[in-house]
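Each of the next two complexes has chain A plus one other chain: chain B in the first, chain C in the second.
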Partner chain A sequence: MSTPVASIAKLLTQPTSGERARQRINWGMRVIVGVAAFLAILPLIALILFVILKAAPYLVPTFFFNNPLDKEPGVLNAIVGSLQLSGLTVLISGPIGIAGGVYLSEFASPRVVAIGETVIDVMLGVPSIVAGVFAYLILVPVLGFSGWAAVAALSILTLPIMMRSTQEVLRLVPQAIREASLALGVPVWKTALFVSVRTALPGILTGVILAFSRALGETAPLLMTARGTNAENWLDFSTTMNAMPIVIYQYSNAASDLLIGQAWATALILMVIALTINVLVRGRTVNSRTA
Partner chain B sequence: MAGMELRRVGGMSADTLFRRITGTGLLILFVVLAGLIVAFVGYSNPLWTIQSPIEFLTSSTWSTGTIDESGQTVDALYGALGALFGTAATSLIAVLFAAPIGILAAIFLVEFAPPRIAAPLTFIVELIAAIPSVVFGLWAAGDLSNRLRDTIEWWIASSFGRFLPFLSEDPESPAADSVFRAGFLLAIMILPMVVAVSREFIRSVPISLREGYIGMGATKWEVIRDVILPTARIGLIGGVLLALGRAIGETIAVTMVIGNAEGVPSSLFQPGQTVASKIASNIGEASGEIAIGAMAALGLSLFLLTTVISLVVRVLVRRFAVTGGRV
Partner chain C sequence: MATEKRDTENATTGAKDELAQAAARPAAQAAQRASASEGDSGRLTLDNVSARYGAFRAVKDVTLAVRPKSVTALIGPSGCGKSTLIRTINRMHETLPGATVSGSISLDGVDLYSSDVDPVRARRVVGMVFQKPNPFPTMSISENVSSGLRLTGGTSKSEIAGIVEDSLRRAALWDEVKDKLNQPGTSLSGGQQQRLCIARTIAVKPRVVLMDEPCSALDPVATLKIEELIRDLATEYTIVIVTHNMQQASRVSDETAFFSMDDDRAGYLVETGPTAEMFTNPKQALTEGYIQGRFG
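Let's look at the complex of A and B:
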């Protein structure tokens, strides 16, 4: 790597005959990076089109309201199960994660912040299968294959996400607002809750929704914990539950075309839910940032 | 002033109570991490009574053994070399494709694209990250995998494969699944992460550095090559490492296309397995302390790998932050 001074000197002494070559390289690279950007979005387009194509014949209205053992195919129990598992996951990891994020942002000493952020980094990197194995080893022997074990595995994955996003948005709250509140004699806890957290609330909720969406798409931990079932399970987390990713994975290996078709249809439902959540949440964030 | 009064709850000021409640949140995260470490070390421990960790890392034989007349399990050997090889091969293939394309795409988004194009493109790339991995797996198993087999894989096998055995494939009957296809799928899945992180670091290069160089007559590309890439280098490496960590841990999509074959494959175009896919497909059958211990050992090695990567990235990024990008 040449130093800037050497590079500048090189530029100044360059003969003009090289000028056109430099411009040509510049244009060439412009084309190359443009092609790279196109290649980056190509898979998304291909994937969405292909899933829609495969799923369309199976996506009849009854598919949403029937269960696997009914006369007409359906995945109601998987949709219901996925929403319950992800919902309970954010209900558990949400408050804990937000609390930890508030502590890191408002109270912790620099030393604790450094340790806490390192632990969050490590936990964010934990593969979902590791969380699944953990629940399988520790909880499944006690609770059996159950919604609780699945929620525990998913919570391990969403907890650091919640904590990181809470801490990040609280960092954006101007220090002056906190100082103004404290100067008026408002206690520290009220300042943290009704000034800092209140100001950052939209961002914190965005984190909760994204964590929900992440939990919705997890597969490997669910296969070892909730296991899947043909029955419709409402709020009984002590037994097996079905979920959309489980259906997709299990039906994708099936011998019958009908089941494989249902895998595609379920994949489309799951994908539409995940993409809608992300479009809504991110679109909102972008707007509020520019406003 | 009304706000000055110290309300006491159970002999503790409200401030202290609030502090403890929120601190408990952080403490729970610490406990979960400690729990993970203790559980994986503890559960993998029985395995080391019948074999050494060296054998685990260097043998490619995975055998639950046989039961002799006295009811004892004999000849059990759990060697993870095949799985470790698959994890290394798939994630390196993924990075090989995703790193250059991701960094170049990020350069386009930050430096070349007009805002009207850059904003929606960035948004679309981020959406890739929102698609669940099982959907990627289904798509790859149903469509992408065959396309790769007939294009890139066929091309590599019929050119380089002639003299490089690990890239060879029988063109008449290509394997139904392959390590290469799993790696390529991972490349697509980690691409948004490479783009997002690279974009942030490229954007953070101070505008004055660019202006100075442009003022001296440099072209846009020369600014990128001589100023932006060297300045953002550490961040870009960090982003690629982060993506590598993601690729190492990815489970279900890989399981659906890699073929889950034992041992070290003779060629990248043969079926194989990764540590994660092996856990996913074998854990249901594992019974008994030692077989479960082998599963825990696989989990532990994944956990250690990703933890080391997370820590390295943290050190790199911190160094970038301290020097303010001026390395």
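Let's look at the complex of A and C:
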């Protein structure tokens, strides 16, 4: 009547044709992707180990608290310079970038949003050397080599980051929350500010911190604008300023073991700051997601 | 209908005044709300209302008179435009891109869509409770209740504390939350959150409260509590409630309007009448079929 059906026991225990080969291919694939994954993180491990080992002997208090021309030279002026440049960059581009993101998310028509998003994509793709060359050829002739020119160049790079992150976290605010506010008779702009932005605030601040971290590590625009100096500069953005990436670049070419060592040590500081920021931000996002 | 309108003419001036002037003098609003609350009726009249999403007409030519200080239930199968229709009453429909409304909706004789009624003002007079409880996640319980007052301005801090307590009592939530007013609104259970949203809505002293399936995300016990609350609120507010649950409509409403949709998927009003009559002796065969569970 019907073809005989194999017993369940037989189906479970008897190998089907090609089963052995499949198992071998499976095993082989696992080895290949495993090795590839290891090769991918190998440079990172090597980099971290090298930086730590090379930097360790030079991490003495005077390195952190003295300036390059002191008897026991250090890179204090580069550390404070970097923090000031990145800080001012975020202070200037932050409000503008956040406002732009709020506009795109809460007010703009779909057409304007499409145009705005394309512009942001283009801006995100601008290589930092291009921002540097713009500042060098257009701003430096007017402002001179200065903190202002550096902040302008860095802002070109951080603005789209903050616009994009603001727009994206606002998009995660449920429409129901906005409607609840509108239905209470709250005007649109107050709803945008005190409900949407307020709800997305942790995410918006995360974007600001990431932009700060990006500005901190940029090198090319700084070499062409702030240029570096041996002097300690507090808040005088009208003249040259030192920064950690500049120190790393210049010292690593120097004919001096001390300076080369300090280049490694400065690289370590930069790496630790950037890693700390990234880990903190990661913790925040994970927390806010589970909350 | 016409005679009724004349009878309530005196009473209508209160809401009319409020709609026409309130926004110009936000500071005077609180006083005005207090003084205007007695006389006016809260009569809602929909005349030939159609609502569209772009070219698609979701609601077609609805004409409906809603009795003041009573509960009117809108029932009908999914997708027949009930939610769209109530969103036209507080001018929320037009906040969606491409969404438009035609026809007229008037409250105590004032056309909510006339040029001298700002949509923001219309929403202060016509409050709304949504399908899913949507307390503001960044605000505490008490801040949620006072959010409308704080964000629209014109109410002093000292007044706000009293209004928060009154509104929470009115929403039958006070006893459950009085010791944790500073905890996040989202820490409450679903049913409590929905009562919090009701408290938030009545805190701004609307005249009409729209409810869009307010119990569909709640369990039966929480649903029963909200239903009791709706009955209680009807002594003070004109309530329009959309519901999928016919038992709910029969339990809470005084009047029922039954909607269906035509071949173009446009929702239209089939018939309306006192709830008891609609459920025992509907005039239209379509209504009878729906109520007896033959479709929908």
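Some notes on this structure:
One rule holds in what follows: the second predicted complex is superposed on the first by the 274 of 291 C-alpha atoms of A that agree within 3 Å, B and C clash if a C-alpha of one lies under 4 Å from a C-alpha of the other, contacts with A are read in each partner's own complex, and residues count from 1 in each chain.
Rule of thumb we're sticking to: a contact is a pair of C-beta atoms (placed from the backbone, for glycine too) under 8 Å apart; a residue touches a chain by one contact, two chains touch by 3 or more.
This one's a predicted model, so the numbers in the text were calculated from it and none came from an experiment.
Of the two partner chains placed around the shared chain by superposition, neither chain B nor chain C is touched by A:V142.
Once the two complexes are laid over each other on the shared chain, residue contacts for A:P187 go to chain B and to chain C alike.
Touch counts on chain A: comparing chain C and chain B, the chain ahead is B.
By the touch criterion stated above, A:V195 is placed in contact with chain C alone, chain B being left untouched. When the two complexes are overlaid on their common chain A, residue A:P174 makes contact with chain C while staying clear of chain B.
When the two complexes are overlaid on their common chain A, residue A:A255 makes contact with neither chain B nor chain C.
Once the two complexes are laid over each other on the shared chain, residue contacts for A:P4 go to chain B alone; chain C is not touched. Using the contact criterion defined above for the overlaid structures, shared-chain residue A:Q23 touches chain B, although it does not reach chain C. Residue contacts after overlaying the shared chain place A:P110 against chain C, while chain B stays out of touching range. Within chain A, the residues touched by chain B in the first complex and by chain C in the second are 184-188, 190.
On chain A, the positions that touch chain C within their shared complex are 109-110, 174, 176-177, 179-188, 190-191, 194-195, 198-199, 201.
Partner chain A is touched in their complex by these residues of chain C: 90, 92, 95, 97, 120-125, 127-128, 130, 132, 134-138, 147-148, 151-152, 197, 200-201, 204.
Of all residues in chain B, those touching chain A in their complex are 1-4, 6-7, 14-15, 17-19, 21-26, 28-30, 32-33, 35-36, 39-40, 43, 100-102, 104-105, 107-109, 111-113, 119, 121, 123-128, 130-139, 141-144, 188, 191-192, 195, 212-213, 216-222, 224, 226-227, 230, 242, 245, 248-252, 255-256, 276, 279-280, 283-284, 292, 295-296, 299, 302-303, 306-307, 309-311, 313-314.
For chain A in complex with chain B, the residues that touch the partner chain are 1-2, 4, 7-8, 11-12, 22-23, 25-26, 29-30, 32-34, 36-37, 39-41, 43-44, 46-47, 50-51, 54, 95-104, 106-108, 112, 116-130, 133-134, 136-138, 156, 159-160, 163, 184-190, 192-193, 213, 216-220, 223-224, 245, 248-249, 252, 263-264, 267, 270-271, 274-275, 277-279, 282, 286.
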